[in-house]
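These are the structures in question, set out in turn.
Consider the two complexes below, in which chain A is the common component and chain B and chain C are the respective partners.
Our next item is the complex of A and B:
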């Protein structure tokens, strides 16, 4: 059984039919990426999984359980954490406070302290800045903080929405290195990216989303070599 | 000599501006209104100060902006500025003689011109005025040329004279409570202002003190943590003693002001939770104040005759009512944010006011006549010692106790897990939910706690006034509370105290300015927000953020990502 199964979901914004039957699967331990152009429905898919939006049709099954009956904050408790698009850290709270908020749902203080050390090891820059107010961090550091904050929930599945957005190429690489590291340490990742090349390079499998439909599904490597993908998303002729 | 001309042009411009300010102040009527409000009795009045003040201030600007800093040039610059100001003032007087300005400006009266001319015949009087303008500007220039130490001393001395002189009436009133002490100070004041001797002594004292203190190290910073603790507790104890004796020191009139400030602190602490911590803009906050007050009224007033409870029996019920109504208001607006939320809460506040005003509920709530003869709180043990709290001084202690409890709870809430949750919700609601925060419960607790604190304010208000009317619960009260939070510093608990003192206390102290009170008050508010936009006592993290923004971190990484093709 897959960790996450999205079965034929239809999501609407009012009358706008944003997702027209999206189905995908994420197996335990994988990095799965979702690529597609602007307005294809990538973020909508993630938001539907995290419970911020409700599908009108179809269902989402996580660890064998239908998520329809849970509220967004309960879905976090089930083990799905999100790194939102555009980072959206708590700008007026310190790095430490941001991380503490990430561990909000957890009661085991001992483990939380251990995880804090783990996160600091993973992203040492944050340790240096832990007393600083989030809003004063640089763009790259804010992305690290947003990622670390989601990790503090100790999720089974980490949803990442455009982690490379607005970052310089050097930092994009650093972020993707971190993603691979997080995955190696045992967190399953569903990644949404505009930067298709990087995303497909790290992903085990990928889905291509176009106007609310999944149009392709393959391993990351295979998609990278697919001529249609190369033309539309990798800018190759 | 390019420089010289630009300097002089600058001086001329400053001078003209100074003159225009004086003319505007005159036409508003402030100058004439305060010509008999003396700062130093029979020597200088507030009205005269309002003429000379702008002239001097703009001369100072001209001197500051001058590029040529030679003393001679600076004196000349100041003289030009002063002359220009004087000429503008003269122009108004002259124009007033030729055409009838009163048709448009009621205050452009012969009285005003007489003030300009020092009550002399027009020609010599106005020339004297011109001369005085130039002289005060020259004095200003001379002042800037003095060594820093003397400058500080003189400045301090003059500042104290103006402040103490203006507050003369309040100070003499306060002194009247002190018996023999009052006699000791009597010579300093004359007819609500400083006497000449008083002014001289005050000047010598304050200027001398400033001169002596200049350049000396400020109070040494205590680094030893043990001593720090002693000092902290000492300050706290000192503050406590002062707070306990404050109503006796200040007298009845000031106690009433203190009570008002106290009630607003209570409500401010509550609204600070809703707006400052949780970021929910609530414009109908006065509703909970009304609910607290009316519950006490209905339950205790023998006039209505339903319950005839004592204050303390009604008190918990009133708090419960406020708390529940906070929850009830919270429910329909859970999904709203920002401006929508503000409008709905505003509507809620008005609904409550209109309900208590309505004929429909008149048998229960009294309608426009309100509720009279509300029971005063009684403290002590029946049969041993009891005291009914009726005077403003008595109620001060009750309000003080309320503030201490509420402030303590507010501080604990801020540092609690719940407080963090509120803050996260304020920063980003979507993300907060994505962290697993139950935003329904979090918002409702914020509203309910805020309502509870306001309810406490309402009960004490009912106890203080003894009778309540719908007109006490106007929309303006909500705005005042919101303003005091903004002035004090959003989300800051000490800011609430400072804000309430500034916003509620200040207009009372400005009574000296009679009908122009709110003009000065408004000007003070604008000045405050321009100079300290983050509030008078901002929350530490907010200050940190603003401070760090002044030196932004290297933003090299934040370029837009290039497409990796």
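Our next item is the complex of A and C:
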């Protein structure tokens, strides 16, 4: 049984049919990436998994349980955290408060304190900035904060929506290093990326999404060599 | 540079400034002539200041409901006046019963606490009910819709309470322990006003502590910034909204008790004016901002109590203190024109980016 199974979901925004039967699987311990052009439905897929949107058809099974009956905040309690598109950090709260919100569902104070240290080790810049208000961080720091905040929930599955968006190349590498590190320490990751080359390099498997449909599925390496993917998403002729 | 600046000034701006400046001139002129006339002694000014602070304390507690709900839902809960009314209007029956049995004057502290607990519980329940019935189903409706519902809910509550308790006035018993004043040298401090001011400050600080430092308060701030992101943290957004209404309702109920200590008569319409003034305070301090609500309320209380005598008396206006409500609402209009962001707040239109 896979950790996450998305079965043939159809999601709508009003009349707009954004997902037209998306199915995918994420196994425990994997990094799976989802690539696709603008408006393909990547964000919609993640928001449907997190419960912010409800599929009109199909279902989402996490650890053998159908998520349809849970509200978004209960889905977090089940073990799914998300780094949302555009960071969405709490701009008027301090870095520390943002991280506390990340750990909102947790009762084990001792473990939370340890995880805070772990997150600060992973992203040391945040430690220096911990008393600063979120809105005054640089874009890259905000992205780190969004990642750290999601990690504070200690999720089984981490959904990441374009964590490298708008970052300088050095920072992009740092973010991908972090993704690999987090994964090595036991967090399963479903990654949405515009930076398909980097994403496919770190991913075990990948899916290609086009206008609401999954059109390809393969290992990261194989997708990287696939001529269609190279042409459409890796900018090669 | 200069031309674009000049083009931005319209006739309306000039008119508004002229009105503003003439009011300022009247206020200054009035103040100078009042002070020159020497009609009021330092002691009577001191009395007015203390009275103003006591009023401000009540406004501050009611204003919390407006400001917290605005912070979370970006809507003005106009039914909050009735949330305020429901507490003291219900607790009056307990107060009279306690008084008749002699309990209230034997144990004044316990008696007032019991009345306060009932008042807070009723106001809190009414606030939560209004949210559940009138606002939650309209959470995603255009912003004008809940505003209209709020006015409807407000009337509904007024006439429901009138139906329950009648359209007459109910009087609170006097509490002997709070009668009279302490004399400090030449100034005197009315016991009631001192108790009201201290209680208001303590409760405002508690509310501030809850919002800033408690886990629920932090979750409230997170929800107020971004509901979807807050849900992604595992925060139950609906639960936090209920908590916000409950907190604002309880504060209004407590404010109600401080109100009846000063004006011991209740009726179904009693929420309207204090509610509107608390709303003015919230806007004056910067709506959505907790310390701002406190500051705005104190400023408004002071202006209302000192203002008529100070600004208008010298102009020869008879019984100037009858104009205190007019002063409060002129202030509301002028903050909305000149500084919609209030003293501490951000601009109303820019609060949500």
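In the analysis below, the second predicted complex is superposed on the first by the 237 of 237 C-alpha atoms of A that agree within 3 Å, B and C clash if a C-alpha of one lies under 4 Å from a C-alpha of the other, contacts with A are read in each partner's own complex, and residues count from 1 in each chain.
Quick note on the criterion: contacts are C-beta pairs under 8 Å (C-beta built on N, C-alpha and C of every residue); 3 or more make two chains touch, one makes a residue touch a chain.
Since the structure is predicted, the reported quantities are computational estimates derived from the model, not experimental observations.
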Touching partner for A:36 - first (chain B), second (chain C), both, neither: neither
Touch count on chain A, higher of chain B and chain C: B
Contacts of A:55 with chain B and chain C, given as first, second, both or neither: neither
First, second, both or neither for A:84, with chain B first and chain C second: both
Partner chain in contact with A:198 - chain B first, chain C second, else both or neither: first
Shared chain A surface residues [contacts with chain B and with chain C]: 50, 52, 71-73, 76-77, 81-82, 84, 88, 90-93, 97, 100-102, 104-105, 149, 153
Chain B contact footprint on chain A (complex, rising order): 50, 52, 71-74, 76-77, 81-82, 84, 88, 90-94, 97, 100-102, 104-105, 132-133, 135-140, 149, 153, 164-172, 195, 197-198, 234-236
Touching residues on chain B, where the partner in the complex is chain A: 420-421, 423-424, 426-428, 430-439, 541-542, 544-545, 548-549, 552-565
Contacting residues of chain C [partner chain A, same complex]: 215, 218-219, 221-222, 225-226, 228-237
Chain A to chain C touching residues, read off their complex: 50-52, 71-73, 76-77, 81-82, 84, 88-93, 97, 100-102, 104-105, 149-150, 153
